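Have a look at the structure below, then the notes.
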Amino acid sequence: MEENKKKLVIGVIGADVHAVGIQILNHAFEEAGFDVTNLGVMVSQEEYIAAAVETDADAIMVSSLYGHGELDCRGLREKCNEAGLTDILLYVGGNIVVGKQPFDEVEARFKKMGFNRVFGPGTAPEETISALREDFGL
Amino acid sequence: MELKNKKLTNDEFYGVQKEILTQWPTGADVDFEKAVAFHQSLPEEKNFGKKLVKAKKEGKTLVQPRAGVALVQEHIDLLTYLQDKGGADLLPTTVDSYTRQNRYKEAEVGIQESVRESKSMLNGLPIVNHGVDACRSIISELNTPVQVRHGTPDARLLTEISYAGGFTSYEGGGISYNIPYAKNVSLEKTIKDWQYCDRLTGIYEEAGVSINREPYGPLTGTLVPPCISHSVAIIESLLAAEQGVKNITVGYGQCGNLVQDVAAIRALGNLTEEYLKKYGYDDVEVTTVLHQWMGGFPQDEAQAFSVISWGSAIAALSKATKVIVKTPHEAIGVPTKEANAQGLRCTKQMINMLCDQQLSNTSHVVNEMMIISAETRCIVDKVFELGEGDLAVGAVRAFQAGVLDIPFAPSKLNAGKMLPARDNDGAIRILNAANVPLSKELIDFNKEKIEERAQAEKRDASFQMVIDDVYSISKGKLVGRPWK
Amino acid sequence: MELKNKKLTNDEFYGVQKEILTQWPTGADVDFEKAVAFHQSLPEEKNFGKKLVKAKKEGKTLVQPRAGVALVQEHIDLLTYLQDKGGADLLPTTVDSYTRQNRYKEAEVGIQESVRESKSMLNGLPIVNHGVDACRSIISELNTPVQVRHGTPDARLLTEISYAGGFTSYEGGGISYNIPYAKNVSLEKTIKDWQYCDRLTGIYEEAGVSINREPYGPLTGTLVPPCISHSVAIIESLLAAEQGVKNITVGYGQCGNLVQDVAAIRALGNLTEEYLKKYGYDDVEVTTVLHQWMGGFPQDEAQAFSVISWGSAIAALSKATKVIVKTPHEAIGVPTKEANAQGLRCTKQMINMLCDQQLSNTSHVVNEMMIISAETRCIVDKVFELGEGDLAVGAVRAFQAGVLDIPFAPSKLNAGKMLPARDNDGAIRILNAANVPLSKELIDFNKEKIEERAQAEKRDASFQMVIDDVYSISKGKLVGRPWK
Amino acid sequence: MEENKKKLVIGVIGADVHAVGIQILNHAFEEAGFDVTNLGVMVSQEEYIAAAVETDADAIMVSSLYGHGELDCRGLREKCNEAGLTDILLYVGGNIVVGKQPFDEVEARFKKMGFNRVFGPGTAPEETISALREDFGL
């Protein structure tokens, strides 16, 4: 593992078992030169944080497809702060709310919860990767 | 208790039941006598299985949506709308994801939040939290049979409450609601837990109440070759029949290739009947369900209508007994009731335009049926062999051995080594069989078909091809070709 | 000048041309040399016929909408939208109904009213009123080939202006733009007038400018049996080829039965080539177009999407070279650009999902092709016979004799005695052939097929059945059964 | 022909050639006991009026499908009055305007032009027939 690779912790939060997207993201992030820890599906807030602490991660990428994202994501930023991960980037993406809702409102709600970036349904891996590069100044 | 494919004894069943019914306070309201009485008070048109059998006899294809919201009255309103404005022939009650994981406390929070925010914060109806009487009010308010659809590995309490509540059809199975729906739940346990659910169905059956059971066909909905999902459907049908289930609907998620899909539905019905007879279950009614494309959808609604229509065409041309309908909101989120009814009306139009047309006796379809049947027999027979004659044991060992292997499944028990890909006509074939025990002939056939495509695309068959195929329909294609 | 199927001499052609170009002031701007220069300045991708031939070679199906509004800039905006947001491969310019009747003054009023009301008060673009330069600005602004679509019995001035304006494809014909589009116009006259249009096409061709010609396939769009529309398409192709047309697209309106529709498109292409060769026109490029359902549409948009999708599926499975697209607004009115683009995207999704699939070599389709071909040959050969070898004369006599007979046509020249109805599978058959000269075998075949349905419906085949079939798709069915 | 049958003049106005609906209406009106004069397609205002005068008609049923209905129908009521057909019922139906427009607005515009009843796209013959019966007090 190269020293200067940025480290990502990825996974699907809550009781969500949508397994396809995260496998493809894993593949895409590795291809793009990141160091990926993939926690798979059904990941609790505690698991993300533990993995981020352990790997000294630069970002946590929360995936949520099944609609309960809003309930599942509450408090994650606060728990990160408590665990000393005060600078960690938090991204969230997928079908993060129940139903078709205006994206700008959804984005605002998740930003208020402490996420740095919020991605709508079906975001292509390339888009996420360029956002990461921008935020990491790569 | 050792896992065996054997009808549970009364001791085995009732021994566990007590404990199950105390898992959440609403369990206390389950009273078998009253439940039977409630079922018997329902008119025949509200019985799910009977409506299916009638449709099968008449050569009709019924349409059914997916739908569920957090609160009971809103749920009734939703179903009434789908019945009246969508023309649904069969109705669902989709259960939320917390309930599916037996997280009833989180479901309770979801209920409260939904009341507070005046919108559903859950992706389905938390049946356990709402309890028996709430279910009965749903059944009473509607003129259409209602099925519970979920994705719950341990569904014992949910089944008790659903049946007592008057639902006459129930989706799921020990494999199909574990491997695609869980990360780390033992297969021994889910098969046993589903023996409980099936036995409960049998007990109702013995008391004169017919409840339809539907193994969940599409699995991960993502490039699943027919032989894989057919094998699981047949195994779960046999396991259910052993527990006394008499009315089974086997399902399949549309792949996208006309010939393969029509052949798959025809083969599925035939094979399930064949295996049931072979193992001595002579009096089981078998019907079929086609699920409209279960993988990633296009976001554009006009394009989504096209995908919905194509699934409807397949359902009609294959004479599936019912079709489960997607909506133009599929790629975005749980649909509004309007979008859901649009999916239904679009589907009905197609079914009605095509109900008098058939394709199943063309030579292309007959050939493909032979291939799917041969592949499926290779797998199912191997599962029996692994179990030394016991199918339940065999199923557990089959996953360990990668004999049953479901693409993109979240479960750690799944090998994930078999790689599917589309061939040059868009049919889903097996690129790398890994430990799926197809005969050499069949492996070669699959390889050749994919090789044909690889040559047409001037690239090697690889994981990139699989990824391209995962995205293809959502990007407006069937085959994920490298070019624009 | 006597009617004859013979290439117009220069004297015959240029003798009339002068007069034509003075029918409306804009005719004065037609200058052949400049027109050829303009065409030659266009990049090859903007040539309609070339794009079709390329698609045919590659086995692709192109999509094309219908669209036209009163004012030029609005029309350009509309087409740009359909190109960019709908992904149209080919573009139309639909002409308004006043122009179609040569009522240029009323068209002028429509233009003025449209300016005043800031909305299109015409159902298409009045090309003649706008003139040559306006047409060129349309061609210049778009990256996609554009066709003129109309329904004009006497289209001579319209053709002159359209070709001078740079359009590279042109719909219509002396029969297909008379019988379904006029009440009381002589067929001798329309055939002659279209000889003029075809000869003009030939003159451009001889100057190196390839213009695609498309006889209008669907006729009244209402229960037209394939053999009738195929006969007209073949006759018009032969008439066009005689005048020097080299690039022809023959069309057919979807009937709704999969096997019949796929067979019809395949047979149409084959038969047209066969007859062209037989009569010595060896160098004509033939392509095919499927029109999505041309009869009454369902009002509900979700249902309309289903009808659109089914037409798209037929186009792809039959490998039609292009498909003309309906919209979810079809039953209500001229679509908004958004609705039009939705129809296109829905169609494209289906075409792209099905482009790698084929059905044309199944035995059902091959049998049906044989029937359609046999029926069509009966009719076309009889037309030659009636004309004592001259097809133009034969066509006129064939309508007098009811040998060519188009259901529900408004023209007084049309016998209207042949009655079509759907059979039990939804294919359109001939209930009463009247004077349509099918062989006894074929008449019996058609009767038997409808009799099968009559028995299934426990009623006699009658005009009521025809009426039921006229309404059926708009009411969500294919076959107009008496029951609900 | 029975004496007491109500007389209808029907046809498709303007340059419109949609021939299917009018044939079916003809059939349906006759079945329902009306005396029908069907002028077919492409009927001018003058032709309607001449036929109505000649047959002493009780109603003129104007069909328009192709979108130019608004332009074609202007002045029909006035011309009827001039011809002395002051009491004649005027119905219009079909796809009478260009495009999808709110039906109540369309209805208001045509009523202002002097039509007694206005029918939207795809109106079933039964509906028209009961309207006629109501207006004739049958």
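A few points about this structure:
Each chain carries a letter (A, B, C and D) given by its place in the written order, and its residues are counted from 1.
The rule is short, and it goes like this: contacts are C-beta pairs under 8 Å (C-beta built on N, C-alpha and C of every residue); 3 or more make two chains touch, one makes a residue touch a chain.
These figures come from a predicted structure and were not determined experimentally.
We define each chain's centre as the mean of its Cα atoms; on that basis chain A and chain B are separated by 30 Å.
Distance between chain B and chain C, defined via averaged C-alpha coordinates, is recorded as 45 Å.
Taking the mean of the C-alpha atoms as each chain's centre, chain B and chain D sit 54 Å apart. Taken as a contact graph, with one node per protein chain and an edge wherever two chains touch, the assembly forms an open path, each chain linked only to its neighbours along a line. Listed by label, the pairs of touching chains are A-B, B-C, C-D.
On chain D, the positions that touch chain C within their shared complex are 14-20, 23-24, 27, 40-42, 66-68, 70-71, 95, 97-101, 121-122. Interface of chain C with chain B (complex): residues 256-259, 298, 300-303, 305-310, 312-313, 317, 328, 341-350, 352-359, 362-364, 424-426, 473, 476-479. Note for the complex: chain C touches chain D at residues 96-98, 100-101, 103, 106, 109-110, 113, 119-123, 151, 180-183, 220, 222, 295-296, 299, 329, 331-336, 339, 408-410, 463, 467, 470, 474.
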